[in-house]
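Some structures to go through are shown next.
Next come two complexes, and both contain chain A; in the first it sits with chain B, in the second with chain C.
Presenting the complex of A and B:
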């Protein structure tokens, strides 16, 4: 059984791991902090933000710096997560991030953690930026939209310093499900959605709007109807006649509680006879 | 847009990821630019998100997303040409062709077309003939040692009229 496992050394400590596991996963499982901005367990390794860089050293191999979120573990791997060189690179990266997007909490927090007070680079500021000058182009939203939701609403546009993320042709997209997955994963909170009446509007994605479903009990709009259809198409065995489907989470709770109450009342009468 | 033409192009390529660039290139050869409908059609046909095609089309400076003029003028802005006054040539060309400088494109590309769709103007980094700097290219012909005074003459050979 022991052959299934390999051993990895992180900051001098020996850890058990499976071959091919990502180094960042091993580190996090064992409570070692590695900062990340673009890492998401459910997505394929990408390595865009470079915050998770570590130093690796092996016998006969020259010391090198690489991203731990794309590094697959092998037996006898030596990793240092906070060597002086790694810290030096990380500080430069944070200065660059501060120039690109100075406001997001997460960037401020990381900058403080690594003692970066100000940036030496020219701050990038665009007027009327749909992403509130908070986008760091990590690509998480694009990946989530493609890999998990399978919608592919947004993509990178242009290249170099002019790269942006938006819908094709900067037009309203009719593919958007309104699932808010992009806003959920965004490390800097740049993506904004607003629920207005029976529409969910994505200000960041060229004002793409998605219709919301109305709760049959309280009349509150609670979820995008397109998303509901999508779930139906995936889980074709989902009970179409289930009354809970058309209720908002609050009303669902009420109905379920009532059901439980009814059963107990009946039972009480039954046993009272 | 001719759907059959695009279907023929798609059929020409094998079923693998790298074909997108080839397909887009072939479409551009026909129309000289990538019409929006053609991108939508390719996206539907190949089951590739439109956002991905748009990313590719905006990433490569080779692709145009707006209708282009009959003649394409490219001004080299490489180091050697820049030193020898490429910027002056570009500004003068814009004035001669009466192209509005402030017309910025949303996709971040520098590609300007005259109102009568006769000329298009864009810039490139280097043509690899720095010894002839400054260089401009009209369609496939390259002009070296260009001076501002020569510009009207070059433009006239392509049907430019001074008003």
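Presenting the complex of A and C:
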């Protein structure tokens, strides 16, 4: 007997897994598609979007629908990712998403994939929504900002269907690093930033603005200064005197290429001799 | 003083008994739980205090609530050698009469019943006196007769603010037994054997929960009493804490010892100031006697309890949201696993039980699991306190053995519909419970049976509905609550319930479409199956059950734009029956929109202008001749 591994069955196929591993991770590793809107491997399971539901079909156990992003594997676990029951609920969830945020590509794509053409529910439309009526409250932005960046800029405001995401009291925040990690993880592209002059402005987050650093060579503004400081504080070993630190990515590339060229020229000369 | 030995405990029991059953003095106690206070119990108490200033022969105290809320304020008068008389609807003006007629106390007209003896269960039965021969005993009243008081064993008898009286009726003797004579495993064995199931809603076996928490290895373990009771209209837990706070605390200390926890926290709803006050007083009293703190009863076991005030949201009663809330996070549920027993408060193993669950513990330890199994039925032993409200005659708190048929609670205890109309359903389990029609009233109340008809036990709310209740409107009412209380984390509950409410609103306004019923059914299933926490998983129940058992009412609203119960304002009209109208013109004078016109004295001329009428119902209320009728497309109350 193999003590290290257990076996789980997904849609009838047998897979090796570790005890307690999340079913979504096992599925992803093996190329089985399960739709998700609120799961990120690097963040704690959250269980809000409910898209990742699967059906547990173990013999002798009452069949049950649950989310694969919170379901821990045990030996002999048998799940179906697209049973009729699962599909039925997933389609209704998609109708709910279409009423809440009809425009994002991701939502349209999933709706199409599951054959949902329209929603029976009344569309929710919020005037002057900083998130452009595209937020589905998956909480990824809030979690990445808290758990990964440690910045805690944004959070949930209100409860129930009135929940919004923004900075506290919808006021500009001076904690934002301008890292755009929130925009990066957002599944619906709801979060907008623009770089204007020496500032990066988080339009969605109450127009919070973050100062940008100027490239010593070309004078272009590039990374946010605060982000740079944060990285310095984390990667203490970074060479503080390295001239590359103050260059924008373009100039950095030029300098590095030049150095490489110099080296190669030297090498060539060496071989020529 | 500290209690260490059986002699110490006995000594305090004697002191307490002298207060509870004074040898030479009359003892008057006023029912002063929130229910009693809210209808004037405190004014009665103040009046008594004033009038008894110079009366050495009478002791005045407070007591909790015996459950008979319908006839409060209640005053108990104990006369040595004779027993306790309970007076109902007492007003400050009655005080003088009571204290001046003690020799013929039983002849006053507002006596409800007497208490001759009472089984506090943790002690031998206490005989208060058997001297009132012509007064019915409390358990002969229809309201009390089917009841069995285990949880409410002391409610409305002892003074909840005095630990001595709790000890007088056998309080803390179970703790003594647990710490001195039993091992943690033996306690868990008894609790498991008792079959006690959590009274907070889900009915999970308490003993098994404790066993899981005990198994976890950890330097610190927590124990929580869930006193967040947020169901509108339900107040069992409030009463248990206000009327017998020590029973909760004793249960918690025993639980702490059994699972190896050092800290207990009572998470209490912020709107319960009196319960909080009495719990704090009880904690202080227990500390004073060495029943909380270090080296309890000299056994070496350390345990203490603190109180944490709730964050005011219904969902904070859900265990993972509750833990988040204590940690200072927003009260939103977290996914399980990990379960609180593994990683709960501050990441430590945590055992959570409901207030009523805790109050049962001293009984089980004192009398044994087998004894407990003697009540209730096979799968659901013990009793449950229900808060019976709505359209029954006797609203109040009723404690019955599980397995008691619904009809016993509604008709015998509740006394049937107060309106004289027929009861048509009861809704159990708070805002997420289902509506059960009369055809199931023979059903014995237990966890499984309620689930089998689409409802839940919940924390014990029970709302009676009669023919004047519109079931569509009822479903809308409960959904309105759950939509408001959804934390907003997961999509089905946040978005789905809102759309359900929206559809129901349309139906009650007469804008329903035929396909609405199917949409509601489908959406209900999805919300129930896919929501993250118990709130979303149960919130569709009122809709599902009314659709199932009262579909005709939905169809009437949708197809015929008619509200058979005459409730949905958009679908009803007020009319004047000109044959009955005497032309007194009272309605016309009182109508806020001047919608009624007619010639004084000529009944046949009075008419309501439907374009002006805002359906406030004033005319119907003020007409002395029942000439105003409510109608809805042919149905009417006329």
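The criterion applied here is as follows: the second predicted complex is superposed on the first by the 261 of 273 C-alpha atoms of A that agree within 3 Å, B and C clash if a C-alpha of one lies under 4 Å from a C-alpha of the other, contacts with A are read in each partner's own complex, and residues count from 1 in each chain.
To be clear about the criterion, a contact is a pair of C-beta atoms (placed from the backbone, for glycine too) under 8 Å apart; a residue touches a chain by one contact, two chains touch by 3 or more.
No experiment lies behind these values; they were computed from the predicted model shown.
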Contacts of A:162 with chain B and chain C, given as first, second, both or neither: both
Which of chain B and chain C A:47 touches, first, second, both or neither: second
Partner chain in contact with A:92 - chain B first, chain C second, else both or neither: second
Which of chain B and chain C A:59 touches, first, second, both or neither: neither
Which superposed partner A:128 touches (first chain B, second chain C, both, neither): neither
Which partner reaches more residues of chain A (counting touched residues only), chain B or chain C: C
Touching partner for A:14 - first (chain B), second (chain C), both, neither: neither
Contacts of A:270 with chain B and chain C, given as first, second, both or neither: neither
Touched partner set for A:117, first chain B, second chain C, both or neither: neither
Contact residues common to both interfaces of chain A (with chain B and with chain C): 156, 158-159, 162
Chain A contact footprint on chain C (complex, rising order): 313, 330, 332, 335-337, 483-492, 494-496, 498-499, 502, 515, 519, 522-523, 525-526, 529-532
Chain B contact footprint on chain A (complex, rising order): 142, 145-146, 151-159, 162, 164, 167-170, 175
Touching residues (chain side chain B, partner chain A) in the complex: 36, 39, 48-55, 58-59, 106-109
Chain A to chain C touching residues, read off their complex: 45-50, 53, 65, 67, 70, 72, 85, 88-89, 92-93, 96-97, 99-100, 120-122, 124, 136-137, 139, 156, 158-163
